[in-house]
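The following pair of complexes shares a single chain, chain A, combined with chain B in the former and chain C in the latter.
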Partner chain A sequence: MSPQQSEGAARPVAEPVGAVISVLRNDAEKALADLFANSRALFVGSAEIAQRREAAFARFSRLGLPNRRVESWHYTDLRGAFKSALPLAAMPDAQARASVRARIEALRAADTQAVTRLVVLDGVFEVELSSSHLPEGLRVTPTCNALIAGDACAARAFAAGDLGQGDAAVALNEAFATGGVIIEVAAGAMIDHPVEIVFLSSGRAAHAIYSRSALLVGDGGVVRFFERRLTHGQQPIQRNETLFVDLGQKSIVRHVAVAEHEAKSAVDVATTLVCMAADAEFTSTSLQFGAGLRRRQIFARMDGPHARCSLRGVGLLRGDEHSDTTIVMEHVAPGCESRETFNHIVDNDATGIFQGKVTVAAQAQKTDGKMKSRAILLAEGAAMYNKPELEIFADDVTCGHGATCGSLDDNQLFYVQSRGIPKAEAEALLLEGFAGEVLDEIGNEQTRDALMDEVRAWLAQRGQK
Partner chain B sequence: MLEIIDLHAEIDGKKILNGFSLTVKDGEVAAIMGPNGSGKSTLAYVVAGRAGYEVTGGDVRLNGKSLLDTGAHERAAAGFFLAFQYPLEIPGVTTMTFLKAAINAQRKQRGEAELSTPDFMKKVRAAAAKLGVRDEMLRRALNVGFSGGEKKRLEILQMVLLEPSFAILDETDSGLDIDALRIVGDGVNSLRSKDRGFLVITHYQRLLDHIVPDTVHVQSQGRIVKSGGPELAHELEKNGYRDYVAAAE
Partner chain C sequence: MAAVQETVDKVKSIDVDAYKYGFVTDIESERSAKGLSEETVRFISAKKNEPAWLTEWRLDAYRRWTTMREPNWARVHYPKIEYQDLYYYAAPKSAAGPKSLDEVDPELLRTYEKLGIPLREREILAGVQGAGTRVAVDAVFDSVSVATTFKAELAKAGVIFCPISEAVHSHPELVQKYLGSVVPVTDNYFATLNSAVFSDGSFVYIPPGVRCPMELSTYFRINEQNTGQFERTLIIADKGSYVSYLEGCTAPKRDENQLHAAVVELVTLDDAEIKYSTVQNWYPGDSEGRGGIYNFVTKRGDCRGARSKISWTQVETGSAITWKYPSCILRGDESRGEFYSIAISNGHQQVDSGTKMLHLGRNTSSRIISKGISAGQSNNTYRGQVFAHRKASGARNFTNCDSLLIGNRCGAHTVPYVESRNSSAQFEHEATTSKISDDQLFYCMQRGLSAEEATALIVNGFVRDVLQQLPMEFAVEAQKLISVSLEGSVG
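After this line comes the complex of A and B, so read on.
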């Protein structure tokens, strides 16, 4: 069930708690207002979509860019990072495509299995760079085409914005996004090979990227879904991309997301909106490297009873990178299970943030929710902020959370060394285990191994400095 | 041969080893018994090279070479092994991965070639079977969720695979039931040879029924206060440490 049809979406969109209306606009906010006013000609879509855009931008105008005074953005000052509003990215041309072709080829070369790969370059679905053959049961529509054609899938992708709880970054995305890709998995379809969206930024110019994509899975559909975020060039970019994952009844989505390291000048906000019908199962495992400012936010709502949602992730941060993972898990139906397990390794002067909020509505009895965030800090200057929150209105629930943060354990380190392993290797082994623990849960061994290779490469770089 | 010569060590300014001396020759099995808190584990840690202890006097020599200025990993590669009283859990690292990393790290330090994966697997499987370590345990994260007895067996498995020239076993019998005790005893006995020494730390005679020591020593307040043959262990089992502890004060 999409939120458009669901009861929950009919309620007024709540402003985030503690939001402070910013009266004084900074240059970036003023520029965004101009950009919105001057870009209306680009905003394809039905009258309803146009209305949503206006409402979204009005909401954004009231809220302003998220900053430390907004509770849910307390540790990530997007307003501070937006010195200005960069112009909207131009449609990728042949040159832009050519510049990234090698990256796509490299991904293909590293595939351990057949992958249906869909490339969103600078916010625009690129048919030329994407797999030409689609397995049965899969329908792929560029968001832009769906908007122009008034296709129902576009309406669903945009209505999903309501899951974002009035978040200003989601509002901004809703106002500006015209590109992206919408994937539909037919009811009952079992897609054998993984489907991957590559969100790629050409980095050819300083620009802003907004896209809205969706994975809409019909009742009983089963799909493995990969998501990869990467940047090619070095120009400053502002990315704000939103992905909606809609799980029909008894559907299963196994999601693996990798966000590659991005330059210091990169501001990357990736929002995932998840809506789950009865008995649906969503497992999501992420490997997230740092960027100048990176925020991954997941708003998940378990709409139908007995749905199960497990979100796991590893964050690897160094230098002065900043990476924020913020999750809101809404239990509105009874008997659902949610898990959040996040491990961060933070080196140098980097900053990691994990905010997890689990809300349980009065009718969501027998909710089982557990949240765990752990971090290993490798340097004096490294920081990790953990903020778990439970908001429970039902009385018969099992919910819990735990957060730890500290340096590598000396006792474990000595134990490993006592077996003949030198200190640096012993540290790497323990850190690999710390990451591996979370990634182990990926059912597919090849996928897990590929991610572990990335973890090991990161650790090896640490050893070299 | 392990020689511990007039060893003095402290932690956080607290003196724990006070002139500890003991020599265990090649082929010898020595047992140390002593009350809780007498510094037995501390001795094991100092010999293994754990950070945090300050050695204020004396020396520790393995096969004639002083260990004190070397790191824990170098001591291991030189042939020293400690079976921990409380083995650590290593989340996310399978037992198999850990064993391979340890064996190859030691071989590398000794300038030997890495063990090939098939050779390694063959060795592990054979040793595991003898010690009743199930395949499933080898695939799980090391010691994570293992019972006390399973952890101790894993310590012995590591010892068997690393083939040290000298091993200290720190209360390896605690947490073992009678069957496991026999299996562990057999594992140690299978390694006994004329050029390998053992120091077995225990509270109870029952382990020494399986691993019959050549010499038995009583430790109290950070040093050896009495030495004898296997009969000393029986006497301690009957009378406790009282006489020796009093004598040390």
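After this line comes the complex of A and C, so read on.
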């Protein structure tokens, strides 16, 4: 019997609470320790930040690189994917900028609305590639500058509401990140046009990218916020980028994230940390393509009462891609509402993972939490792992989750085919509908159509094979 | 007057410590030396007069166990267990094995009478007990089986139902073939411990094409202080056979915790079916969380044959800690696994229970219905895995776990793993958590029910799907048990 089939009771999937795991360090972990020790000169920031970095790295040393024995990384073996620790990416030079300029231009050309675009290239904010004009109520500070100047926003971005502190990838990011961009939306400001961060890697050399960005929204602020992850080259890269979204009271953030396909050699960990004050509203819709190893993790906490959080996503995977979406939703205040809806389409030998954990503290009465994960497997070799978790300590709540997994419904397929539509087209139509279900929720039509076009393009590629 | 008496009785019965099986039987017993070592293992093996292969098997398990670490992934917390402070074998003292019930210590028989378990066949035949349904019983007291009823009649049908210690001698070929074939010696910490020191339990073999003429049942009772109970049950349903098996357990009230680490193995061959029902009512500890049984059990069924079926039904109301995941390995094509569970926790109880459905064969199907109810300061976790192997095309699973919270000092958790590696496998999972709504309570109370009665009524409705799966006489008992378990949880 393979370990897969053996009794879970026997399988050590432990995350021992409070226990120190004795980790045998592998080469990558040793290299990371050396890298940290040797890079201290690069770590700008106040003494307080320096202290945070040391503490974060100590935390990482204790935890080690996440592997299957760590419950929250049960299906994604980061330790296995890190054969070594790649060197930190160098500051992008003119050549690097030139190499990606065309990509940025292409994005601009495809814009259907005015967008304030901020480019983070190899983990460093690029003024030259970014929009020069900023709308009123918006303040943009490169993380690096904020760190050097000791700006309060840097401290906030690194503290990030103490979210995800038990996660080794977040700890690594906290220890190494020096770049990124911090966006502040003034209290009461309504930003008309969307603000977009493009996380781009030049892929000119094998390197590691750590960046920390933040979107800090003041009370009553309203903003549409796009996030796009791109890779330019084919070199192996290790990306670990963290974004902190802090919502003030009654603020509204509509977030749309697209993570484009990355090479097989790419290891991409994107963390979003979300803190919500009373009556804040956060909706996030993501379209995620595969990579060699991709992990998107969202740690969200509703600190104030009556906050509303809705996370939705579509995952499109093929080849032998691996994509992991992990969500931890903490209800600590009463009367909050959370929704998670994720649809995956998995083709070929790809692996899709959805882990969602909703926790409800004893004081978070009247919580309303619903989670749904659905997947369609298109090929023999495809796999989907669902782990929707509930952890509830309050009695007056309505919480539920659902998870389904299966192939395309034969009846539906037959219905469409019986209308004279060829099989391949019929499949594409049904799959488009499946993805569209989630993306339809995006209020802005132009944004939604743009994402649907990307879905169609992916489906068309499938038809070509 | 009668009405007054009824009220008095009712009030009396609603005690906070409503555990009615908490008495201790004063009986002379024989124990192994304290602690666990190769000597203890050899002692137990010698006591049972076992063949050499089994002694070796036990020793091998013991050696493995010394290298293993106690699992800590479950959501249960307890002080470290001092395995060397336990007695691994305790048996009521009697000269050799009793030939008939008349030789059994009368004190012991009274114990079972107090528990309402009939060991005397004639009583049942005379219709004294119950509704006249006949159930064959194997009674296990601490480490040994004291009596098995209806043996003769079962033998006529070809059914073997006897203590496993006896089966080792009378049917060594079956035991050697199947023992440890579902739960391997090295499976997990507690199963390995059990393999080393298992004392007694039931052995059932149903020959091909036989439908077992009556329900089989085992009652486990831990009596001695500081002893662990490590029973091992092995049930084999040969081709085309059917058996329904019931299991019940109780223990006296004691201040310290007692360990219970059992292993149950089920094997079904082609077209066979096993229905395994448990009403687990070990002592849960007092209202302060002192004492109670640590129930660390490995239960697994192997649907080895095509079109075979294993169905687990459990009502979990007792134990300080429950760590139990009755599972099905769906190896045969078109085999089916079912899991119906009610887990009730009150006081300081901790439950971490669920199931695993491992789909390996083609067109296998499984169904999981789990109802968790937490009250008091307890924690109740459903942890389950549904897995489809690459080759398990056409696998189907439906899972439904509902949790009910009573009071705001308890917790209800759901941790499902839904793993599909086959595109034609169809898995559905749903879970909800809610509380008993005030509207429901108000409605019932308005009709003259007390808050507790109303709660029991609503809870009984909540768990009805599972209760229906229980054999009749168990369903009635379970229903009563649910009311008792929830006493003191409202108001």
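Please note the rule applied: the second predicted complex is superposed on the first by the 442 of 465 C-alpha atoms of A that agree within 3 Å, B and C clash if a C-alpha of one lies under 4 Å from a C-alpha of the other, contacts with A are read in each partner's own complex, and residues count from 1 in each chain.
As a working rule, contacts are C-beta pairs under 8 Å (C-beta built on N, C-alpha and C of every residue); 3 or more make two chains touch, one makes a residue touch a chain.
Fair warning: this is a prediction, and the values are worked out from it, not measured in the lab.
Touch criterion met: A:433 reaches chain B, while chain C stays clear of it. Once the two complexes are laid over each other on the shared chain, residue contacts for A:391 go to chain C alone; chain B is not touched. Once chain A of one complex is fitted onto chain A of the other, the partner contacts of A:425 are limited to chain B, with no touch recorded for chain C.
Set against each other, chain B and chain C touch different numbers of residues in chain A, with C touching more.
Within the superposed three-chain model, A:411 lies in touch with chain B and out of touch with chain C [touch as defined at top].
By the touch criterion defined above, A:76 lies against neither chain B nor chain C after alignment on the C-alpha atoms of chain A.
Residue contacts after overlaying the shared chain place A:403 against chain C, while chain B stays out of touching range. Comparing which residues of chain A touch chain B with which touch chain C, the overlap is empty.
Across the complex, chain B is touched by residues 409-412, 414-423, 425-426, 429-430, 432-437, 440 of chain A.
Taken in their complex, chain A has these residues touching chain C: 1, 4-10, 12-17, 19, 71, 74, 362, 365, 375, 377-407. Contact residues on chain C toward chain A in their complex (touch as defined above): 71-73, 183-184, 187-188, 190-191, 298, 300, 323, 325, 327, 329, 356, 358, 360, 383, 385, 387, 389-390, 403, 405-435. Across the interface of their complex, chain A is touched by residues 48-52, 71-73, 75-77, 82, 84, 87-93, 98, 101-103, 105-106, 109, 141, 158, 162 of chain B.
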